[in-house]
Structure formats: C-alpha cells, structure tokens
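Two complexes follow with chain A in common, the first pairing it with chain B and the second with chain C.
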Partner chain A sequence: MGYRWHTGSVAWILHRLSGVALTFYLVLHIWVIHHIGQGPEAFNAIMAKVQTPLFKFLELGLLGTVLYHSFNGFRILLFDFGIGIRQQKQIFWGTVVVGLLVFAVSGYGMLSHILH
Partner chain B sequence: MRYKGSLRSGGAFGWFYQRLSGLVLIVLLLVHWGIMHHGPKTADGIEYLDVATRLATPFWKTFDLLFLVLGIFHGMNGLLMIVRDYVRVPWQRGALYSIVVLLGLVFLILGALTVISFQVKYPA
Partner chain C sequence: MKYTFKVYRFNPETDDAPRYQTYEVDCEEGWTVLDALNYIKWYLDGSVSYRRSCRHEICGSCAVMMNGKNGLLCNTQVKDLGSKTITIEPLKGFPVLKDLIVDMDLFIERLKAVNPFFESSEPPTDREYYQSPEDRAIIDDAVNCILCGSCTGSCPSFWYNPDYLGPAALFKAFRFVYDSRDTAAAERLELVDDHNGLWRCHTIFNCMECCPKNLNITEGIQYLKRLAFMRKI
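Take a look at the complex of A and B:
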C-alpha cells in the first residue's frame, strides 16, 4: 500500500503507531494493577517500581501519546461525519496547538511533582 | 461501503465501534486522569489505600469495568484493522488475528477478575 506524504496521511500513520503504543501500555497497566488483589505489600512494591523518576519521565511520553491519539481521533470523527473537511489543514494545526498547550500545562503539573 | 452484518463485511461495524468507543474513552480518560493526578492522596505517589478505597465501591467497579472493556476492545479492534490493512497472506492474517484476539481475551479476563473480585485488605 502506498502513501503520499501529506499532512493527512502522516497524521493517519501516527494515529496507528500511537494506537499500537497505547494498546501496549494498556496491557502493561492491567498487569501492574492486577497486583492490587494480592494486598497492600505486593501492590505498593510494584507501584514503587513504576513511580521512579524514569517512569515519571516516560509518563510524559504517555501523556503526549494519549493527547495526540485523542485529538487526532476527534479530528477523524469530525471528518467522518462530514464536519470541517474544507478546513482540514486549519483543524489539524488547531488540534496540534491545543494539544501542545494541554501537554505543557499537564506536563508541568507532573514534572513539578518530581521536582518536589 | 455496505454493511451486511457479518464478520466478512468491509469492516463497517469495527469502523463505527472505533469512533463511538473512542469518544466515550476520551470522557472516561478525563475522569481517570483527574482522579489519579489531582485526586486525594495519602503520600507523594499513588499507594494501595488511595486506589483500594475507590475500587471497593460498586460505582468505581462499574466505571473501571466499562473503561476496561471499551479500552481493550478499542485497542484490539485497532490492531485487527491494522492487520486487515497490511497483511495480505491469508494464513498470516489468520495467525495474527488469533494472537490479537487471544491477547485481548487474556487481559480482559485478568482485568475483569481484578476489578470484580477486589476487596480491601488492610495492612497488618
């Protein structure tokens, strides 16, 4: 299958890549949280492992991936229902700007936790 | 695209499901995010009792189950769509379909058991 490299096709490939990454995260997340059934010691032990500075940093990547997939997914939904097709490019860059803003605000909140 | 209501269709149901569940997932994720990052916490990080006291209530069990089911189906449905688009050899496609379905089932069951069977165990 061939793609022509336009904003739309790049956005679509990134949508699929981010989706695969998020599915991988979901599976890991279910694995980590299932330890809660084994009681406080087991749960706190695994939670300590995934709340180190390294994981907090990785969580920023998760935030970015989620934001991209959510905003782009919403954009796809709009177009599928025939809304805003003529303003595709503007809507794409609009969601990029809003997404980056949310990333900056939420990311700052997460990082300030590490810095304390 | 015509939808004839069978698994051999052009994938219209999967397509529609992906849009609908995606929209609901955004709402559920916002709540999840708000609770986990701005909700009450006993310590700096997230600890057992922070999660356990919520997960023991019917409301949050229902919420998490819905989140789990929609999330797993959305993720696995997405993987199936990717396989359908890129894998042309029938046996390879069949094998990948089976792996995705199996993966989804295993983690759906693991997650559902975790949420449904959960009871608070207080530290000794």
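Take a look at the complex of A and C:
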C-alpha cells in the first residue's frame, strides 16, 4: 500500500483475506453438501473426492484460517467494548500464541488421522 | 553524519509524473528532518517545497510521510528513522499541490462536517462553564490534537474512500460529544453515525501508530461507535 506495515494493519489485512477465504470455503462446503439431494451415490462420490490427501491438508489450512479469523475477531470485539485499545499489539501477539497452540493440538490430531 | 534524502518532487502544472530527487546532507547531532530539509532548501536546491511554521510540534503544518510512515518533520530526529537513506513523501490521500505540499481542503471539509465547535444551550453567565478535573481528563487527549492530518493521511479507509470523515474529524467529534459542558452531543452523533463516518473505521491503528502527539484516536472513535449503537437499542 506504499505505507509501512505494522501490527495493526497486518492484523487487519489478514482478517480481510481470511474472511474472503472463508467465504469461498462456505460456497464450496454448500456445493459439496448439496449433493446429498441427488441421492446416496452422488453424495458418496463427492465425499470420496474431498477425502483425498490433498483436501485433508487443505483442511489444516482451513483450521488455521478459522482460528486466525475467530481469535482476531475476539480482539476486534474487545475494541468494540473499548477494551485494550492501547494494548492492541500485545493482544494481537497474545491471540497469535493462543491460536498457534490450539492449531498445534488440533492439527496434531488431524495429521495423525490423515497419516493413519 | 552523512544521510541520503530521497525527496518526492512533483509540480502538477509542469510535470507529467512525480519523481524522486536525491540529496546528500551532512547532518549534525540532534537534527530533525525539518533541519535537513531546510538545509536542502537553503543551500542545495531552493525549489524544494514543503510546509513548515512553528517547528515546535504545535502548528501541525509539516506533516509528511517519512520512510513510509506519517509524522511531523519538526519532531522527528533524523537518527531516529534508523536508516541512512530517508525517503520523504507527501501525505497520501490528498492531492499534491507541489512536492511535499498537499491540498488540505478535503481535510478541513471533513472536519467542518462534525461541527467542530463548542455548543451549549445553557444561557451564558458571568462565570466560566465549570468542568470537573475528572470530566476534563476524558477529553485530555482529544483536546491536544493539532490537526496536522498525519492520522487521516495514514488511514487506508480514507485513501480508498475520500468521503470518509477520517480519524481527525471523528476524534474532534469525540472531543465535543464527551465534553461535559457541550449540549449538542445528540446532533453531533447524528452527523458521524454514518457508513462514511464512524462505521468506516476498521481499527487498523495506522492513525495511532503515527500520531505525533501520541493520542488515543481509535479509542475515541470506538467510544463514539458504542454511544451511537447504544442510543439505538
């Protein structure tokens, strides 16, 4: 943007990008689920496709995106209540640390499921 | 110590496109960027144009972008910028009149839109309007704004939509809405409770990051948002 990035603007642009990504995911999700209306064979066929290793790894990305968007969403909610505005950077890094911990724990579970 | 200054040069009347001109300046200990620019203008190139007046961070004339971040020329020390090459550019989001001078009309228009003056329906007396120290403390930050435009010129929401009132105007609205003596809070809130007002602030914090007076701008805007929200439920 021709202007120096800092914690607040990085948090904002990532929130936007993750929001757009989640919107695309939602469309994909509804498209996959809508196959259920076309009978068990159609649904099983599409489910087989989205259970390939590629999609399993993409699910890890989805987990990360959801975690970032929700934790940063909580950060923004705090600001709406007038809390922690001077501490926005510390709160950002706090949410990143907590988010990474949750990602590590959940991601480990998902990964071991994929590898088995 | 020698520094290289890359200065944004543009004269809309004669130039097709902006360019950057480089000057080498041997800066003395304690020089501000304004000192260096003055040196350039007085001894190297008299055609470089920029605004400055008080050099005491109170007039708000000399806001520019230095190494990609807004601030005042007069309270930014050269050595604090942390690089040997210093790029000086005009505030983003405003039309450039010449070099580092931007047209601030838009900024003043947005400011006027929030009725930036004290209003009271109480009849004047022979005494001052009393305000307790506690009430005054709420608006301490907002009163200290010098209207330099650093914040509004740093706001991505303003760059992409100049109809947005911008942080400076909204902070001014906060200053009067939360002034215990002012009685026009409801009208003023009405003026800023708009998609081009309060609700275009996305808490990006560029404004607070660059404010030369280190003011709590976003908090003021968030308080106004809350008030605007509460009066509707």
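The criterion applied here is as follows: the second predicted complex is superposed on the first by the 112 of 116 C-alpha atoms of A that agree within 3 Å, B and C clash if a C-alpha of one lies under 4 Å from a C-alpha of the other, contacts with A are read in each partner's own complex, and residues count from 1 in each chain.
Going forward, a residue touches a chain if its C-beta (ideal position, glycine included) is under 8 Å from a C-beta of that chain, and two chains touch if they have at least 3 such contacts.
What you are looking at is a predicted structure, and each value in this text was computed from that prediction instead of being measured.
Applying the stated contact rule after C-alpha superposition, one finds that A:80 touches each of chain B and chain C. Using the contact criterion defined above for the overlaid structures, shared-chain residue A:7 touches chain C, although it does not reach chain B. Comparing chain B with chain C, more residues of chain A are touched by B.
In the superposition on chain A, the residues of chain A contacting both chain B and chain C are 1, 76, 80. The part of chain C that touches chain A in the complex is made up of residues 65, 67-69, 92, 154, 156, 159, 202-206, 208-209, 216, 218-219, 222-223, 225-226. Across the complex, chain A meets chain C through its residues 1-4, 6-9, 12, 76, 79-82, 85-86, 88. Contacts from chain A toward chain B in the complex involve residues 1, 16, 19-20, 22-23, 26-27, 30-31, 33-34, 36-37, 39-41, 43-44, 47-48, 51, 66, 70, 73-74, 76-77, 80, 106, 109-110, 113, 116. Of all residues in chain B, only 19, 22-23, 26, 29, 33, 37, 44-49, 51-52, 55, 68, 71-72, 75-76, 78-79, 82, 85-86, 103, 107, 110-111, 113-114, 117-118, 121-123 touch chain A in the complex they form.
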